[in-house]
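The letters A, B, C and D name the chains in turn, as written, and every chain counts its residues from 1.
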Amino acid sequence: MTLEKILREKKKDKDILLMTHIVLGYPSFAANREVIEQMVKNGVDCIEMQIPFSEPMADGPVILKANQESLARGTRVAQCFDFAREMTRKHQIPFLFMTYYNIVFKYGEERFFQDAKEAGIKGLIVPDLPPEMGEDYFAYAEQYQLAPIIIYAPTSTPERMKTLAGSATGFIYCAARRGVTGNNSALDENFDNYLSNCRAATTLPLAVGFGIKSKADVQALIGKADMAVIGSQTIRLVDENGPKAVGPFVASLR
Amino acid sequence: MTLEKILREKKKDKDILLMTHIVLGYPSFAANREVIEQMVKNGVDCIEMQIPFSEPMADGPVILKANQESLARGTRVAQCFDFAREMTRKHQIPFLFMTYYNIVFKYGEERFFQDAKEAGIKGLIVPDLPPEMGEDYFAYAEQYQLAPIIIYAPTSTPERMKTLAGSATGFIYCAARRGVTGNNSALDENFDNYLSNCRAATTLPLAVGFGIKSKADVQALIGKADMAVIGSQTIRLVDENGPKAVGPFVASLR
Amino acid sequence: GFFGNWGGVYLPEILRETFDRLEEAYQQARNDPSFWQEYLQLMSTYSCRPTPLTYAENLSKHFGGAQIYIKREDLNHTGAHKANNVMGQGLLVKRMGKKRVIAETGAGQHGVATATMAAKFGLECTIYMGEVDVQRQRPNVFWMEKMGATVVPVKDGSRTLKDAINEAFRDWVSNIDDTHYVLGTACGPAPFPEMVSWFQSIIGTEAREQIERYHGRPPKRVYACVGGGSNAMGIFQGFLEDKKIELVGVEAGGDGLETGRHAARLAGGDASPGVAQGYKTMFLQNDDGQMRETHSVAAGLDYVGVSPILSHLWEEGRVRFEAATDTEVLAALELTMKKEGIIPALESAHAFAQAFKEASDLSPEDAIVINMSGRGDKDIFTVAHAFNDPSWKEFIIERAREYQKG
Amino acid sequence: GFFGNWGGVYLPEILRETFDRLEEAYQQARNDPSFWQEYLQLMSTYSCRPTPLTYAENLSKHFGGAQIYIKREDLNHTGAHKANNVMGQGLLVKRMGKKRVIAETGAGQHGVATATMAAKFGLECTIYMGEVDVQRQRPNVFWMEKMGATVVPVKDGSRTLKDAINEAFRDWVSNIDDTHYVLGTACGPAPFPEMVSWFQSIIGTEAREQIERYHGRPPKRVYACVGGGSNAMGIFQGFLEDKKIELVGVEAGGDGLETGRHAARLAGGDASPGVAQGYKTMFLQNDDGQMRETHSVAAGLDYVGVSPILSHLWEEGRVRFEAATDTEVLAALELTMKKEGIIPALESAHAFAQAFKEASDLSPEDAIVINMSGRGDKDIFTVAHAFNDPSWKEFIIERAREYQKG
């Protein structure tokens, strides 16, 4: 089943879907395992697993630090694939890889898609690869039927959104505001306009991320978006209270 | 009696005359008093008393330091005149002032000559005032009958010596070598040529200074010069062994 | 935005609009002859352009080969070629009507240059600098602050240049409307490599005219150090079309290519193609694509990537790349000071070191040009430290003693 | 050798021959047009002449009076106008066939400039520097030594500039045949005041041409700081003959003229005529003629005498003299950095301070020129200290800690 289809199926029973984020190898693969377990048990619909990169330009301090510490502890890309294979077999929700383009490029684009497919991954989020720069990448995505998630930004014009939609499958990731991951967003009127523009540009499900931390944030998205993305907040939670804190938090969101 | 005449009289009884040097107020006027007493008692023929100056450009480290310490202890020009008055009344040898031109200039040239005359001073040694720069100075010297001592240097040409001799009275101070006060001189063949040039340029007595420290140095000048000048050496002596050491040293020189 | 296989704009969607507008402003400026006139006017009245080309008579005799000429970017305002780029971008900022500039800085020179430009143009200015670098490079921080810039110590990650770049991008994505990011070298996403090279081309244009005037004909070789590559791009552009002139880019050999502790991307075989910080070039990275630690005595050369334009010229064989080790560089610096009374920056001294290795292979009929990208006297802390000067250490200790008393 | 009542050659006989030969060489050079051509050529290829005249748009607006232009001697090689004099004397040394140069230095700039010239011309070089200054100014000592000079710490007297001068003269009288004493400013016995002023006149010649080109007519006023007076003589000479142009020399007001802790010879009433260090001028001295201690935040202005030519121009009323206090100077320095991105040396900042006091009295139709004699960034130790910057102190203490560990 394609990612889009899976999400649409899940959406039938829920007001809004939840996607969460982890950084692979941070604080350890064992912790990742536990956190994912907690997430899945508590109703998360989709998980993006970030393969750490030494230059995570679009990430804020929390995820940046997680990337660097994971690498400092020796995390290798091959381990990430192994771990993904393990998770997709164990848990019946879609898993995505999130990373930066250099990881894909250096791995070899086709090989990356092959291995990701083989590992049961459903889609890829690569924030520093606009479609203009990724002809091969998008071709392989189609060939291997992995969703190349496209990101919209508040600065994207309606025309730009249409163009981008042409390359998208799975869902559209709508960055809720300017800036990087981990800061607060104001879900105000401008934001509603922005989401209407997103909606108008594509028929794909819309995921909204950047700065979502509470039930109220999630509630505010019902009817406007299909999926809420929780990023840095679970990392903070694990840092402060350990993997066990993730379950109750996720459960509280919906 | 003019300085020249006094020296010629003294020379009648001696192979060579001795001139010594003190820095006024260093280590104190009391010490100066004692040192001069020792010098006169032991046959010094003429004493140059240096009025200290903050920028003694032609002096080497020993006399430089003496100048600066004297000033640091508060020595004033007026005290130097008072002290000179006391010495000239007490001792029957000629006393000269040695200083730099700024001391004379700032005091007022005519007043300086007047007061020096009144204090019983016989001549002035001002190493940084060549005759070309001192028209008034040399006029006052003549008016007040104080000898403006002229200095010859090893670099002075015979013509230059002749010209300088035109401004000189008292005696000619022949600097024994290049450099500043307080270093060693080589009294060699070049030196003999130099002294012949000096002798040829003037009929005035010749004093030879810079670097004379021992009986041998003084002996070597007999027949070639009229007066040997002992400068830094007595200051070193006083620094190391006190004023009492000066008498035996001076006595040993001749 | 591509040069052969290199370059591009690998950026998050949030920056796309900003880059479109920047590209537009750059193209307009480039097509408007009055812009370059304004730039030349600014550089000849605020900085000291044209900078001289100095004939190094003593060095030439010493090596007994080629006649050595030195292009004196050290005599620019703020002491390095960095001024060319920064003042050019300043004019562009005025055109775009932005009110604020940000920049990253490692050793601090680009930060000082940017703060200078911001003061001159009346712009708000924030400089991102790794906390470690803030501590190491206090003098530059002091001047930046005195010129009115806010210096933000970046406390994330390794707290050095890379993290400062990340933080500057983060600021930019949050403040795209009023802010321009003054990138410091001919790297990064398009149009930066081309734009920075364009501003720096003033070096090559002048040098070409000067060497022909003094030497009567073009040089045999042109040497430039290569960190990001902007000074090299600057001087090479004056000689690129004449294929008979050999262009030599000199990278940081650090402790030696064989030790792995270096920053040689195009000389030696340790780098591989990659995409980071918004562009594709040869990076020093591991098999996974993680950037490696680099090493050089010269902070300005201590960088994982390199101008995509230089990667292209390397691939085409138009520019030869070499590396000079820290030890060779200090020796070249010392010789240049003693023989010519000129103090190259540690970065620039790499170009000198390579030129010295090769000067005697050429004939006295031939000329070579070394680009002296900046002056070394501003780096007293680094240079005295690099020479391990005992009196310098005593001096610092004595100073500290006074401050600790106070 | 006299300028009105001032100047002369008050020297021991031992130096007469040397000065005669120097005077001769100077007159020959002055009458030989090819000498000046050679000088111009040297300064335009080894240093960065003509140095720019920068329009200070922001400062002009800030004061709302005269249009402020800055003559940029800071962009010279070695960072100050000192290079003009030193390179000129270097050419003269070559003509005289001497093999060795000596110089005195206080803060160290003239020493660095002389060491630079000696390296360039292949001359032996000894720099005399008070032991106290050697300890205070380690960075400059470091560069002098690296350029091959021998720096001799003078341990006599107060172990500062005056004693270094004495020691340099002592060296000279002992080594007259092969050695030239490179005096650093327009003071001392003839022909130094005139000769140094001649070499520095390159500043005024350029500035006159530049201001007329940019402003369309001559300036109303020209400001220059005055220590020994060489940068002031340099720029004033371009405007001296046009009596409508007011020339303003700015001396070190230190803690204020009323405190006695200053170095103002011609502004204020504390100085009197005197003769020292070989020439007659206005000196800060007591009633006995002993030189006084002077004080200024700027080491280069902290001197008891002043160029005899300036004493003459003062007496004639051609140049107006003012004093700027340390506090005014630091404020002017700070404002110039913030408004223009330019860092004047503490010495030069005196000229800025006085110009700022007066700029708003003039009309926007009028222009004034400030001579920026040198750059301040090389004086980080002094400037950061003068601003009492706490982070600077921490930085030094931290550095010292590392060295003490090592």
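The rule is short, and it goes like this: a contact is a pair of C-beta atoms (placed from the backbone, for glycine too) under 8 Å apart; a residue touches a chain by one contact, two chains touch by 3 or more.
All figures in this text were calculated on a predicted structure; none of them were measured in a lab.
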Approximately how many whole Å separate the CA-defined centres of chain A and chain D?
65
Separation of mean Cα positions, chain D and chain C [Å, integer]
33
Length of the line joining the C-alpha centres of chain A and chain B, rounded to whole Å:
98
At what distance in angstrom does the C-alpha mean of chain D lie from that of chain B?
38
By the document's touch definition, which label belongs to this structure's chain graph: line, ring, star, complete, or other?
line
All chain pairs satisfying the touch rule are A-C, B-D, C-D
Sites on chain B touched by chain D in the complex
53-58, 60-61, 64-65, 68, 71, 76-77, 100-103, 105-107, 127-130, 132-133, 151-157, 160, 164, 175, 178-180, 183
Note: in the complex, chain C contacts chain A through residues 8-14, 16-18, 156-158, 162, 165-166, 169-170, 173-176, 272-278, 283, 285, 287-291
Can you list the residues on chain C that touch chain D in the complex?
44-48, 51-55, 58, 72, 75-77, 79, 115-120, 122, 135, 138-139, 141-143, 146-148, 214, 334, 337-343, 377-378, 380-381, 384, 387, 389, 391-393, 395-401, 403-404, 406
